[in-house]
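Below are two complexes that have chain A in common, paired first with chain B and then with chain C.
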Partner chain A sequence: MSDSDNDHAHAQPVLRASVHDISYLTTLLRGVSFANRATITATGSGFTVTVEEARTLLATAYIFADIFDEYAYHSEAAPSQQSQDDGVDNMAFEIPLNTLIECLNIFGTAGAHPSSTTLGGKRWKKQEEDKGSDEEEGEGEGANNKRRGIAQYFGAGPEKSTGMRLTYEGAGFPLTLLIAEDADGPTTACEIVTYDPEPHLDLQFKPDEMILKIILKSSWLRDALSELDPSCDKLTFIGNPPPDGVPPATSGRPSRNAEVSRGTSTSKPMLRIHADGAFGSTEMDYPNDRDVLETFECEQNVCFSYRTSHITRAIRALQNSTKTSLRIDSEGLMSMQFLMPSPSFKSRAGADAFIEFRCLPLEEAL
Partner chain B sequence: MNATRFGPDASTLYINISSTGTSFSLQLPSTLDAQEMRATLDARALKPFTKALHCLSKYGDDLTIHATDECLTLSTTNSSMSAYCRFKYERQFFSKYTLGSQSSTFVGSQDATNVTGQLLTKSLLSILRHRTVEKTVDRCELSIIEGDASEQNNDGEDEDSLESRLTVRLHCKHGIVKTHRLILQTPSAMMVPGSPGTDNESHLTIGPRAVKDMLEHFPVARGTKSDPQLVWSFKDTEVEVKSLETSLDSKGRSQLSTELSLSADEFDTYDVYSCPTTIAFHLREFIATIAFAESLGLALDIRFTDPANPLFIDVESDLTETLFVISTSQVPGQPFQPSQAQPLSNRSNKREREGDAAEHPNKYKKPMKAAQRDPIPSASATSSTPLPQSRHVSRAYETPCTPGPSNRPEGPHRDPLFLPTSSQLSVAEEAAIRSSGLGIEEMDRETFEAMMDGDAEEIGPDLANRQASFTLGSDQPDSFELVEDVEMAPSQSESITSRPSHKGFKPLFED
Partner chain C sequence: MRFRTSISSPQTFFRIIQAIEKLQKKCIIKFSDAEMRVICNNDANEGGIQVWSVIKVDSIFTNYRIQSNANNEITMLLTAEALLSALKSASTTAETADGDDVVLKLAKKNDQAVLCFEINGTTRLGKSMRVSHDVKIEVMKPTDVASLKEPMCPDPDVHILLPPLQKLRTVVERLKPMSDVLAVSASHSGSLKLSISTDSVKLDTEWRNCTIPKMTREPTDKDGENEPDPGKHFPVLVSTRSFLKFLNSHVVSTTTIACICQRHCMILYVYVGDYADAGGVLTFYIPAIIDGDD
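What follows is the complex of A and B.
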């Protein structure tokens, strides 16, 4: 390694990003924080955070560049290779995810961003979370948070929120975070050690062989998962094709009659989530109703089981998500994508970030 | 025995049997007659039902469900059997309530129809208490299907099962249906409360709010194992409540001792048999009771007799009847009430025991349990009808009528259930026995019997009675303790077991 290379690295860090409010970023990171070791893969258009569990579950948070105020990616690769600018170009490193989240929350301000979704339970939960984490900050910070909450809707300047700048110089360097609680408040510099990336599971979802596709409000799935008895270890998703020729009930207020006929005519529910536990079993049936299942595509009967503990890993992501797309392919690989609404005006124009969970089914003789 | 057939259509036929008044007849769950119960709760009824379950979960871990034609009963007993809780729902409480046999054969009127089962309270409560339930559930169907029947669901799925199951079907908004199936165990033992109706009963009625406001001054440390006791002294015009000083916090230190008095005017009914009466009982279950009564705005009906008999609390609303039984314990340092002074039947020990009672006023009496294990899961466990005297099966749990202290002052203490065993003699009592100079403290049974025989002329009638009680209880393990007591601790006032033969028996614990 020559000195010039080193200088180059210093001048042009591989990744440099800054954001004036870290809460959205933290929310996304928390959605996948069930395992500590995460791989961050940076590209020109953003980065992904990937964790896996038991070689079965792979969770990825897709964080796009436009949620940041500033985002710069410089490939370590030689400029000649850089010309093939087709997204293959990336740089990966591993990082202890929990440490990263703790650092971001070092002022206790990362937990309570006023989300654009209006889920009562979620809001309450966040406030409680916040309360738990910033005990030492006292009243002043609480008031500050409130002001920030209102200012949010007026597109207030960055001085009301905790800002962050992250820098990654390249392989072998730590991830450097500079966190400012306020525009004129204290700042913290953190350096988090990084590791060489380990290869992850290669779970390729085959869209061509998709046999079940459901889009539903995240709250339905969240409620279903949270109601499961902790003793349940197997969770089965059962999809039945909608009855012949009956289109899903149109959205809007379903009439009383429609509800009655639905109850009687459809013998099999379109979506059933079944769980077996130590004290009995649980079944949740979802009808053919646009209010519940916005999209339901299913050609044949589908029945795949998954380990409950893996699926419930998604609860945290679900809590902050508005919509879920749940797909299963012919081999039973399930892909759940959770749309994570962005609170800021700027990124609302662009794509919202999302979190994807992919999970292999349990082997079983059907 | 009625023939029972299970045809493919058996599950569709339900037979409702009118009340026959024979609800106490034995119905073993192993009979081939698989019963089932279906009850539907609307959203309005679900709330108090969930609150009841919450209260039950504070009392005990296991929930016993007992369904008869007329009512559905939920009951539980805590692990030490010092507290019992029972909720009885009339069939009108439910928007739909059917109980029937899956068998198409008509069940003879001699067989009372009932369905029983037991499960962990928590597993049912966690389903109904979930925060989404209150918001989204339109109605809730509970059904119990007893096992050993080839049973077909309404869904058309065949699910043969040997286990009894409780199915909770939650019909939510948007047509979402959540079905929880919980496995039911056969109740190993029915818990049955004693029947309190005695002459010296004190009766109080108070609104839950007043009690709650008062209890707020006695904080219970949350999360710790501490279970403080309160001492209640019922006087002519006021009630003194104080925390029992022996209750320790988690670090073993004595907690703040609080004492406050409550005017008798706070009570809607204030009818104390003899003032002052002092009782003590644990707070945990009592608080759960208050919380339940307060959430539904129902008044508490409190009954108690004396410091060793349990406290009974009735909370009644239109379609619900709730009974709480909490064991009380004797307060150390509280003198016996005059009404409880013991007349002595054994003249040879009489003098010494009188002195004993005076010198050791804080003689400890073992508190009576709030509920008793009934080995037979029978139909009438929750029936409060006193049983006919002739019934053999109830014998072991019968106790004589507790008479008024005026004419039969020894009354409450003849209850064998709270006789101290020989191992429970207080130091003072042992000292008293030793000081009696009789040498009986080291005496074994044969020697003692020999000695007692010598006194036969003196104590004739009593001995005869004692023997009578011996034979009465001799087939029960419990009663051996009783016999031992008589042998080992003759100086104890409580050990008087004479049962005047003319007295009618009344069941303490019904089967």
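What follows is the complex of A and C.
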């Protein structure tokens, strides 16, 4: 890394990032790893990983620069001037995603997402420790160097994390990773071939024409999807507007309208997932309860069908997600956004990454 | 031909067989006065990996008695899986408090030679019970035994003490879906590398500061003439699957020394028990894959 002060702007790698614990990054990548070829689009504020299936399903993981200890993006196009306009300036390339995940997990340490609550204190120390070792890059603030340098001797907790440094020189170059478990352990260097990006499916969700919007706990949706019989090939999402003037039922609050509301909600559930399979059909109704559906916006009856195999691709992302926002627009395009909680050492807002799945509906032949 | 012994350490015996069980269906066991040799030499198995092991009788058996016309040696061919299940039941049911809980003897039942395991144990309720396993064997003729030859190898280019096999296994398991061929290389400065190179990925995992064992018999005649360059790596290409099979021996290993004979093979000595007074050694031979541009 001695070339960081070179005169030529493009001597700097397009993308350079390092992180002291790869488990969160791997969790995010696994969430979209249902197809091998993925497009990584890097910008100054982070990068996205996009995977597509059958010209119908598009999954994108939004990974922000905050989750990295170090993140540097240098545009190839713009010569060394300040190019901070994140909106336009980006650089895309394709990689074999499964290979990337296997490489990151080379020491078997990227498996489970660590339970962020119990590790809070140690995690913070680990981060300090890693910053300390990063300073050989000459990017640290001089005053803090010594203190952090000492801190790393105290911070070595018993739990292990695997650190990673990632470099992408630019189009035509491989993605290089340097992975190490701890200072005296083994190190892995790998070069993953990159390809020129293929254009992706353009699925624009039209927020103006949104006809259904639901926010719910991810586990409610995950449980429903994992219950499905594998023979079901069609999944129908049915939404009905909440009965007029009836507030969502809250448990333990008797009201005059209670009976009415219960009556209507059983006949017309606000959200129903209907699956048709070879051996019968399954219906799952979500009650009109704020504990279940945190937000429910629906003006008219909504009914769209999707291929089950596409929707269930989201299960892996759902497993590590806390909240899901599910939206459908007037053409039936479904957008599911899964909030992926980060290990809690940075409490800055917007640090949580998320994964989005967009899926086209089946052509209805009713 | 007589053979009768108590198994004082069924757990160790079980692990040794467990380490080689995946290699091939049948294995050869040769009992002699002081040693038990377990041999897997079938060329037909995947990757051509061979195992020749020597286990000291004292480390597994007590009250060991053997008698035969062939120099007091008995060599038999048997199914590794059947042996493994007998040993499993021996190591779980027997208490091994005194050395007489598991008795192993050669017997003939209905004209079929068997290795008979008699296991005395106690049930969970404290009642004593007796379990008996017969493992069918085929006693080998002395002429066939004489034709068993350990593979010949040139002097290795480098010896190196491997990191814990469990750790190596984790890494190799990730590499297996990516590449069928694995390059193992080591240098005299104690660096060990596992590398793969395919169309889509090049990967190197390196362990530094591995111990280089002191060899007792150094090739003295050539000394000084070509002192090996400490930084030079000696690579060998092996089948990833074969290497992973060798790594199954992590159940029994404490110390493993790898030797690399460039463009020829890789030899791995897995020490059973402590390195200093090892109860035995499992020697794995993994042939090199000869690459066109090597």
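Here is the rule we go by: the second predicted complex is superposed on the first by the 279 of 366 C-alpha atoms of A that agree within 3 Å, B and C clash if a C-alpha of one lies under 4 Å from a C-alpha of the other, contacts with A are read in each partner's own complex, and residues count from 1 in each chain.
The definition used in the following text is that a contact is a pair of C-beta atoms (placed from the backbone, for glycine too) under 8 Å apart; a residue touches a chain by one contact, two chains touch by 3 or more.
Please read these numbers as outputs of a predicted model, since none were measured by experiment.
*Asks:* Fit or clash for chain B plus chain C once both are placed on chain A?
*Replies:* Because the two structures are overlaid on the shared chain, the partners are seen to fit without clashing.
*Asks:* Given the touch rule stated above, what does A:G44 touch, chain B (first), chain C (second), both, or neither?
*Replies:* Neither partner.
*Asks:* Touching A:P242 in the superposition: chain B (first), chain C (second), both, neither?
*Replies:* neither
*Asks:* Identify the partner contact of A:C103: answer first if only chain B is touched, second if only chain C is, both if each is, neither if none is.
*Replies:* In the superposed model, A:C103 contacts chain C only, not chain B.
*Asks:* Would you give the minimum C-alpha distance from chain B to chain C, in Å, for the three-chain superposition?
*Replies:* 5
*Asks:* Starting from the residues of chain A touching chain B, keep only those that also touch chain C in the other complex, and list them.
*Replies:* Touching chain B in the first complex and chain C in the second, no residue of chain A appears in both lists.
*Asks:* Give the list of chain C residues in touch with chain A in this complex.
*Replies:* 163, 167, 170-171, 173-175, 177-178, 199-209
*Asks:* Quick one: in the complex, what on chain B touches chain A?
*Replies:* The contact residues of chain B facing chain A are 119-120, 123, 126-127, 130-132, 136, 155-156, 165-166, 174-183.
*Asks:* List the residues on chain A that touch chain B in their complex, please.
*Replies:* Touch list, chain A to chain B: 121, 220, 223-224, 226-227, 229, 259, 262-263, 267, 269, 279-287, 289, 291-292.
*Asks:* Where on chain A does chain C make contact in their complex?
*Replies:* Touching chain C: residues 96, 98-99, 102-103, 105-108, 174, 184-193 of chain A.
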